[in-house]
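In what comes next, chain A is part of two complexes: it sits with chain B in the first one and with chain C in the second one.
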Partner chain A sequence: MERSNYKSEIPIFEFPGGIHPKEHKVESNQTPIRDIPLPKQLVINLKGQAGNRSLPVVNVGDTVLKGQVIAESDGIFSTHQHAPSSGTVVAIEKRPIAHPSGLDDVCVVIETDGKDQWCDLSPKPNTHNLQRAEILAHICESGIVGLGGASFPTHIKLKRESGIHTLIINAAECEPYITCDDRLLQEHALEVLKGAQIISQLYQDLTIIIGIEDNKPDAIDALVSARKELGLDGAKIAVIPTKYPSGGEKQLIQLITGKEVPHGGLPADLGLVMHNVATCFAIFEAFEYGKPLVSRVVTLTGEACQKAGNYQVPFGTPVEHLMKISEASNPGVLVMGGPMMGFELPNSKVGIVKATNCIIMAAPKELKHDHLALPCIRCGACMDACPASLLPQQLYWHAKSDEFEKAEEYDLFDCIECGACAYVCPSDIPLVQYYRYAKSTIRNQKVEKTKADKARLRHEARQERLERVKREKAEKHRKAAEARRKAAEAAGDDDTKKSAVAAALARVKAKKAEQDEDSATGSSNETENQETDNKGNDA
Partner chain B sequence: MDLLVAVIILAVLGLIFGAILGFASVKFKVEGDPIVDQINEVLPQTQCGQCGYPGCKPYAEAIANGDAINKCPPGGEAGVKALADLLGREVIPLDEERGEEQPPRVAYIREDECIGCTKCIQACPVDAILGAPKLMHTVIIDECTGCDLCVEPCPVDCIDMLEIPQTVATWKWQQPEQMELNQIPIKQVFSKETH
Partner chain C sequence: MSLISSPFTKNPTSVSALMLWVIGATLPGLFALVYFFGFGVIINIIIASVTALVTEALILKTRRRPVLPILFDGSALVTAWLLALAIPPLLPWWMTVIGVSFAIVFAKHVYGGLGNNLFNPAMVGYVLLLISFPLEMTSWLPPAELAQNPVSFMDALSYIFTGTGFDNQSIASTRIGVDGFTMATPLDHVKTELSQGYRLAEIETHAVINGLSGSGWQWVNLGFLAGGLVLMFRKVIGWQIPAGLLLGMVAMSFVLFASNSDHYLSPSFHLFAGATMLGAFFIATDPVTASTTPKGRWIFGLGIGIITVLIRTFGGYPDAIAFAVLLMNMTVPMLDYYTKPKTYGHKAKRATGDSDAD
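Right, the complex of A and B next:
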């Protein structure tokens, strides 16, 4: 493929590893970005971003205009979502979403009316008059997320201000097949740079560096002339050699600054903030025209695709509609994202989300292969290819035998899942799948652990409470018993006690006396007689 | 003379180390039994009593005193493995008499049938049921450990144990050897030569 002769304006460093897969970019980057005919239905997933689900603010039956807010940010970790075209909300329900799981999630379904009528927009072209917080709020309300693939809410990424000195615009687009950023730059380099200027207003003395691979000569030329037109001489263009995965955030930082993002750290720790070209373009549109993010450039490509190219696609457009437009016939597999880091779509009815940069409609044998994984021969090729300097085969052994703790010790979470290791593996072992499996299992285990900890605390609190109640009850009984005894004691003072005894004694005496009286007459005579008898005997 | 010096040196050393050890035993005294706490950390805290002990902590104490490590069905095979790792014991299969490993569940009260007897509230080991006498009860799903203990005391059988449906947030990638979907995208077959 053609390489640019443009010399990088700043010195370029290197990152370890990396691979050179066949690029497959010419198939889609030769034609301008095209609009698509509107689909009948748009299926907008409310969790179409990293973070939390947005909260729907429309009801079934509502008519909506293009750009109208249909779901609001939860205020913590999400952005607003907008109607990608005018029409009627026909359902808010669970539908299959663009996710490797193939599971359903809440979607707003809009039946389009074909008018594509915008709502009232509120442009803010004079960004110089705006406060930092106002700019961030407008970015959030315009639904802007990182369009490079991770779809992290942009206003959150821009929040940290202190210590940031460099903005890197990521135009590397290193993954095979994908050309949406390339085409966007060729056609809208000026707007992208203006978007970057808006970002630079959020910081003091921000240097702008644009990182771009040398396989995009036309985009580089467009950037150079746009920069001249804007008089933005401070912005430097870093032309980097084509090598996958140079567009990874950490790799591009290493290429441009020579520094590594620390383990567990963020680019902001090095004073850097990175945004994708499409994100800058979206920011420009949000301020200049007041347009919220309702569509994006998506590369439709793959051998099954007759009309490969880049299309401006409204979010929620079902993939099957895109298949029709690009005249794809019997694709063997549908992949969202690139061939290295993307995933197979379980269902062609799912709607496009903000993260969708590419749909590969691959011919049956284009991406899949039918070899089985062979045993690892410990060749170490994966280690040489790893851009994060990890030990992929150690991670593989540990992930395979569910020894997650050991995998973590080998810095599993520094793995960017680029797939370079699996690409070079002579035994065709799906290494990255093992890392994804291990990572997601560890994450789930952590969630379970927090839940278990909470249950333990609640159980202990309950035990303690029961114990306390028991103690209190026993104490109460003891006190009550004591009180009774005391009351009895108090009532039975010595006098009363004695008198009671005396009374009882008196009663007994009286009874006895009565009995004595009854028998007194007879018995006394007897005694007298006896006495006389005795006397007589004596005599 | 040499002999005396040696004896004195040893005696002095003995005294010094004795003092240090004595000090350490007071200063760094460990309250409770740390191994019981470690075992308790590994147990799933369901508090279901399927192990035959009235909660996870008592079972942890029993394990520390030599009881078998395979009596916890909610912990499952993974739990037995974790305990075996911790205690340096042999991994043994789950004791089937104690029950089977089940997917995580939560209790659900059919509220219109509840008579408000509070029996389930008294049975719940983690206070996850909310209610008052003669008033409807309900389960706080986020706090429920799925222990089953509330089901049996209910006089009107209005408590169901429901499996927690999988969502995008709780979904995880499968072990590649058991995967059906998504076997590929990573490895490209489009020839490996560089353009």
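Right, the complex of A and C next:
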């Protein structure tokens, strides 16, 4: 594939490992971004972002306009969702969604009226007059999430202000097949840079660096001329060699700064914040035109589709509609995302979500299918390919034999699941699957352990209380017996009649004392009984 | 519903392709062996390969594993091939059969098959033969240019299967070189002569020691070196183990040689003698039984190089690659554990042995 001759404006470091899979980019990056005819129905998944599911604010039967809020963010770790087109809400129910789990989740289904009529928009083009909080609030209300694939709410990522000195725009797009960021830059580099400028207002003296792989010469040219037009000379273009996974957040940071994000830390710990080009574009549109995020550029590609290319797709558009548009026939497999980290869609009825950068409609033999995995021969090809410098062969060994503690010792949780190891494995072992299995099992075990710890603490507290009650009872009986003995002794000294009266008095006294103590301990006995009941219920 | 999981694409290398590369890369060394020591080598390879495939198929069947896919992963063939390259060219056929089948059954499948064995199967087979049949296993032919009675193909066949030559000549007479002595390998020769009180300067005038490290052997080693370099550049094998092994060998032999050059062989002799290059590029690099971390591979190689020189110099056997490889195989689990590379985002390497998880 064509490589750019443009020289990187900053020195580029290296990251270890990485692979060079076939790029498959020319199939889709030769044509401009096209609009699509509206589908009849839009199926909008309310968990379209990382974090909490948005709370629906429309009811079945409501008429909605394009851009109208249909679900509000549930707490800080969530965002708003907007109607991608005008129409009527016909259902709010569980549907199959575009998620690796393959499980159903709550979706708002809108029947489009074909008018595609916008609601009243509130543009804020003069961002210079806005406070930091206002900018963040507008980003949140516009439903903007990271469009590189993780869908992390953007306003949260932008929240931390102190110590941030560099904004890295991720335009690496290292996964094969995907070209949506490439096309977006070729056609809208100016808008993307303007979006980056809005982000830079949130910080003091922010340096902008655009990281882009050298297999996108046209996008690089577009960036250079857009930067000139804006007079944004401070922004540097870092042209990185094409190598998967250079677009991984940690890897791109290593390429550009030579530093590693500390284990368990965030890029912000290095003074960095990273956003995808499409996210910058969405921010620009949100402020310039007041448009909330209701659609995105999606690459439709794969050998099964006749009209591969990039399309502006409203969220919730069913994949089967896209298959019709791109003239795909009998795809062997439907993959959302790239071939390295994407996942197979459960069926073609699921709607596009904010994370959908690409749909691969693969011909039956185009993508890998299950076949016999041979034993690991410890050749270490995976180790040489691992960008995190892990020992995938050892991780596999321990994950396979359920030795999770060992797997954790080999830094299992530093695995970014990029799939480079499985790509190079001569034995065809689905390595990443083993790591996902080990990770989720360990997570579950930790949850179980916390639960068990709590139960143990409760049990111990109860044991202690029972002991205490027993001790108090024994003490009480001892005191009563002593009182009786004293009374008897006193009676022995006097004459019989007197003593008989005294003995009776003493008995009454002792009994009274006993009753008093009983009422004191009685309440604790009650709670004890209650708890025993509760326990019975739990069981 | 069964969904497949990412990645959905992979490069086309396979285990059998790797194994074929290994076999292909032995060809230059094999040609040298055939040129200097006759067709016995080829016959041995055929006997060993057939034995390996039959044994592997039988034991896979016994273990109720899929026979065909595993049989054609090529690993059994590589074991057979390497063992056949290491044994003397006229070894009786049944010894080869014992060595190979023992390697496949006891060194490989008893541990759980390919990928699970601790010890290098070819070397286990070799050592079994070496300790059981020391005479036959150290009886090499004189290299072609020194031989009085060069061995023809029919001769080799006859020796291997009947113990006598095609024209009823005894094997002992075939082993006599130009100077009328039974031929040992250069390493063996030097060892025997040194123990007789000769000095190296005198021994080196003997015909069997001409050139870098003895007639024929230097070419065999150069052949394996060439093939090994191809493997290295094709990235079929890592470079650390051969580099470590050769470095360890040079360093150790240099120390000895510098202390007394009259009694200890020079580094260059060690490098091109015996099974050095075969060991460095083809045997020690068996990924299953070698260390798997970059640093661990260095140490693994260095260890083999050093131990080889020590056994060659002070031990009872003329060559020692096999012993050195097996000894270092034992250290692999520990090497792997203590030589983890620094993971992305972690500060310094932690001594994981201290963690309470153990």
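Keep in mind that, in the parts below, the second predicted complex is superposed on the first by the 446 of 539 C-alpha atoms of A that agree within 3 Å, B and C clash if a C-alpha of one lies under 4 Å from a C-alpha of the other, contacts with A are read in each partner's own complex, and residues count from 1 in each chain.
Everything that follows uses one rule, which is that contacts are C-beta pairs under 8 Å (C-beta built on N, C-alpha and C of every residue); 3 or more make two chains touch, one makes a residue touch a chain.
Note that the coordinates shown come from a computational prediction; the quantities given were computed from them, not determined experimentally.
> Kindly classify A:444 by the partners it touches after superposition: chain B alone (first), chain C alone (second), both, or neither?
Once the two structures are laid over each other on A, A:444 reaches chain B alone.
> Quick one: is A:97 in contact with chain B, with chain C, with both, or with neither? Answer first, second, both or neither.
It touches chain B, and chain C stays clear.
> Output check: A:410 vs chain B and chain C. Expected answer is one of first, second, both, neither. What do you get?
A:410 sits against chain C, while chain B stays out of touch.
> Considering only the touch criterion stated at the top, classify A:156 as touching first (chain B), second (chain C), both, or neither.
neither
> After the superposition on A, what does A:461 contact: first (chain B), second (chain C), both or neither?
A:461: touches chain B, not chain C.
> Of the two partner chains, chain B (first) and chain C (second), which one does A:253 touch, if any: first, second, both, or neither?
neither
> Quick one: classify A:283 as touching chain B (first), chain C (second), both or neither.
Neither chain B nor chain C is touched by A:283.
> Answer with first, second, both or neither: which of chain B and chain C does A:209 touch in the superposed model?
neither
> Going by the contact rule set out at the top, does A:433 touch chain B (first), chain C (second), both, or neither?
In the superposition, A:433 touches chain B and chain C alike.
> If I apply the document's touch criterion, which positions on chain A are contacted by chain B in one structure and by chain C in the other?
21-22, 102, 176, 333, 335, 339-340, 342-344, 346, 367-369, 419, 422-423, 425, 428, 430, 432-433, 436
> Of all residues in chain B, which touch chain A in the complex?
Chain B residues touching chain A: 40, 43-47, 55-57, 78, 81, 125-128, 143, 145, 166-168, 170-176, 179, 181-195.
> Any idea which chain A residues touch chain C in the complex?
19, 21-22, 102, 176, 250, 254, 260-265, 333, 335, 337, 339-344, 346, 360, 362, 367-370, 372, 374-381, 383-384, 387-391, 393-394, 405-406, 408-411, 414, 419, 422-428, 430, 432-433, 436
> Please name which positions on chain A make contact with chain B in the complex.
Per the stated touch rule, the residues are 1, 20-24, 47, 97, 99-103, 105, 176, 333, 335, 339-340, 342-344, 346, 365-369, 373, 400, 402, 419, 422-423, 425, 428, 430-434, 436-437, 439-441, 443-444, 447-448, 452-456, 458-463.
> Could you list, by residue number, the parts of chain C that touch chain A in their complex?
1, 3-11, 13-15, 17-18, 66, 69-70, 73, 75, 113-116, 235, 238, 287-288, 290, 292-294, 336, 340-347, 352, 355, 357
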